[in-house]
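Chain naming follows the written order as A, B and C, and within any one chain the residues start at number 1.
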Amino acid sequence: MFPKNAWYVACTPDELAGDKPLGRRICDEAIVFFRGADGAVAALEDFCPHRGAPLSLGRVFDGTLQCGYHGLRMGCEGTVVAMPGQRTSVFPAIRRYAAVEHHGFVWVWPGRIEDADPAALPQLEWAGRPDWAYGGGMYHVNCDYRLMIDNLMDLTHETYVHAGSIGQKEIDEVAPQTRVEGDEVITERRMFDIPAPPFWQMALRGMGLPDDRPVDRWQICRFTPPSQVMIEVGVALAGQGGHEADPAVKASSIVVDFITPETERSIWYFWGMARRFKPEDPALTDSIREGQRKIFGEDLQMLERQQQNLEAWPERRLMKLNIDAGGTFSRRVLERLVAQEQAA
Amino acid sequence: MFPKNAWYVACTPDELAGDKPLGRRICDEAIVFFRGADGAVAALEDFCPHRGAPLSLGRVFDGTLQCGYHGLRMGCEGTVVAMPGQRTSVFPAIRRYAAVEHHGFVWVWPGRIEDADPAALPQLEWAGRPDWAYGGGMYHVNCDYRLMIDNLMDLTHETYVHAGSIGQKEIDEVAPQTRVEGDEVITERRMFDIPAPPFWQMALRGMGLPDDRPVDRWQICRFTPPSQVMIEVGVALAGQGGHEADPAVKASSIVVDFITPETERSIWYFWGMARRFKPEDPALTDSIREGQRKIFGEDLQMLERQQQNLEAWPERRLMKLNIDAGGTFSRRVLERLVAQEQAA
Amino acid sequence: MFPKNAWYVACTPDELAGDKPLGRRICDEAIVFFRGADGAVAALEDFCPHRGAPLSLGRVFDGTLQCGYHGLRMGCEGTVVAMPGQRTSVFPAIRRYAAVEHHGFVWVWPGRIEDADPAALPQLEWAGRPDWAYGGGMYHVNCDYRLMIDNLMDLTHETYVHAGSIGQKEIDEVAPQTRVEGDEVITERRMFDIPAPPFWQMALRGMGLPDDRPVDRWQICRFTPPSQVMIEVGVALAGQGGHEADPAVKASSIVVDFITPETERSIWYFWGMARRFKPEDPALTDSIREGQRKIFGEDLQMLERQQQNLEAWPERRLMKLNIDAGGTFSRRVLERLVAQEQAA
């Protein structure tokens, strides 16, 4: 259950380096990604029309994708451009997908290519901006992509799953506020006059601010379909206006999450952090990425075991508490979009 | 195919130490075990009513089981006792199972809790007695629990599976005698005037008896439903009355087997030995346990491959020789009990 | 989909050494192989009629196969010959398969034993001949056996799959010629006046011939049902008649392939090389075998992934180019034989 007529992150540009194509299943479509002669990304069905070999076992050669079995050369449009000793006109074309490099990711539209709309690509305020830095990674997780959306739209789990790192009791004690704006869902939590946890102490120092004073803290999670969750997080010296305080007295960043279904029960999870402090410090980027990799890794077992439990008890209705409103409303948006897609 | 209204060994008490609960599937029920504030064992469905996470990934906190995902705190009765910021009255209860610590094991009744009868717990003559010592372990085996019952109710396999340890040709040469007493099945074999194998030589020395003289040997296997097999084994100096000889001229012990179905095709196999010689010697207990672990490990491949063969040839009728009478009669008891359960 | 009334290679004689029987699934039949008292190979269902244990977990004892569970002793004909304390007349027989050692392999006929015809065993011109040497090995591959036949009957894949070893561009540039002779299919490719690749340079030196001159090269692939592919390969000094040149100016060998289905989607692949140069050099035999093991190992991932792709897109029709004629005609022979078998 996922929209197919939508842009999903397929991979990062470095995964398409050299002459190796990339095979990756996305929304149950087996797709091979490679770069054509002009460097633009192409995305095709991972199935050679000659004998069914996966094209992703081949190599990129002169802007075409050469099958690693018998040398058929597939063009970026899904039509065969050459095969030794053969007339290419007899070969059937294979399916092509819309794919594009944008804002530091490769995006794919697993649905009808005619419907793919470049204007629908998300605009990321921090991408390519010198006053921001970005670092991230990927996890493969065996769960329905909606369980990951639930996870990110309810950060009370930080207190339990991430008790040893970013969790703090105060998160749990403040009720979130949730609202829907068109297809977007926003759930936010604001905490006042609390101690700054270690990550934010470090960030405050990076901004030249004291790290031992009470702060106001915020977490603003924004779901955008099909499966993007951006979480604005930050602290300001207490009593200065919190999220709305003058930039000179606060530190903030954006937790970036793109959740791409592989199948109905597995995902490619692209996570990262965009920050507006010390953007010129690549060692800090690395250090934050490794910290985030460790913390986000703590969720994996829980999500996979939750998936197994829900499959074992398919008839059970889960609860929808106030803390679950973010995930619940996000699922409704997805249900509506999928219903529209099926009706069309 | 197993009775659900029956007591099964779920785990040993040491598996419920510290603040970690134990998740274990028993008779196809996913159960989480933990200790309440009074130290008594609780057993609940391993499913958090909030979002379906396995409660066994949580931790025991102040006599409750705290879900590791969002902090719901489940009481020993299967009702929610607390969750930060939530009214607990809205939460549905989850299923509770009867569980009790008894004679050095934790027992669970996977069927209807209303039917759980503490008086039906087996009485183990050796448990907690200073003149006895007990040591044991557990194996997970991918086979129908009845294949393990067959195995233990026909010890001719010792000659082949355990040729290098406890097997001896004489076992094979004596026909067993099998009888049914109510729901119990007893199959026994008595050998007279034979050499003592190494294990029993050691035991005779422990009793201050000579180890180089002929002995009478016995094996008395007793099946008690649902899946307990106690095997009285021993030797006496030959011609003194065998099993009925004066305790001063014999050495004996009880091979203890509790076979708990995990699913229709896998088991938790609790094995051990209770002995009446040298009970005050813990090093001997350890040494016997390690020997038994090695010997009982020799059965695993055979049982798992037998299971696979029977699944591959489901229409085949197996033979029921005189040596198979113990297993055959035990299966009939089980069939009767399951039929009664289904009729009720 | 494979003929069952046919001879397949089951194993090599060294796999039946000592007292260990060999369990191997062939054409979806679970078979145990062992040697009787006279050293002849016996093949039986891998299922003890007593309790269903795999006989292959037992041991060969005095020309019988003793079950490793309770000591039943099975004779080479599939009838029980002894069991301690039991009358053997009550035991049902198990299925026997025709099996025979021939030309350095153990062959089995997984179909009706009444139809097994020793005269139908293939005659291998090189087997047991002092002027030839043979070395080979085995791979287990998760693919339909016909994919391996396709692979061997279209050597254009050498240019891509084996680019770093035996592939050369000239293979790709010459169209093969394919013909059917009764149940056999021959596809051949002849290349003239080309450089000798390293393997053939070595072979030319072995014949005392220059290794730096142009050669004529040939590849003659011969499919014989059910699944044997012999590939005559060689080079001659250019312009001397190629394949028909005087033996004094050429070097040649036979690539030997026996493809035995395990199931519909997995195979036991026996590969080797029989050569007519330096037959007295066992170090060369070893060196060729290891080279071949490495090269043939390059096909495995491609075949397994092709199998997965074909299962994922079962409705797709594959192309049948001229290079595919060898495999295509071989499949037609197999379809005809299977249809005949099913009609009978």
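Throughout what follows, contacts are C-beta pairs under 8 Å (C-beta built on N, C-alpha and C of every residue); 3 or more make two chains touch, one makes a residue touch a chain.
Fair warning: this is a prediction, and the values are worked out from it, not measured in the lab.
Participant: If I superpose the C-alpha trace of chain B onto chain C, what rotation angle comes out, expressed in steps of 5 degrees from 0 to 180?
Facilitator: 120
Participant: I want to confirm something about chain A and chain C. Since they are copies of the same sequence, is their interface symmetric in residue numbering (over half shared, so same) or not (under half, so different)?
Facilitator: Comparing the two copies, chain A and chain C contact each other through largely different residue numbers, since under half are shared.
Participant: Distance from the CA centroid of chain A to that of chain C, rounded to the nearest Å?
Facilitator: One centre to the other, that is 48 Å.
Participant: Two or more other chains in contact with one residue: find those residues in chain C.
Facilitator: Residues: none.
Participant: Quick check: in the complex, which residue numbers of chain C touch chain B?
Facilitator: Checking each residue of chain C against chain B gives 30, 46-47, 49-54, 57-58, 66-71, 84-86, 90-92.
Participant: Touching residues of chain A toward chain B in the complex: what are they?
Facilitator: Those residues of chain A that touch chain B are 150, 154, 156-157, 159-161, 172-173, 175, 301-302, 305-306, 308-310, 312-313, 316, 318-319, 321-324.
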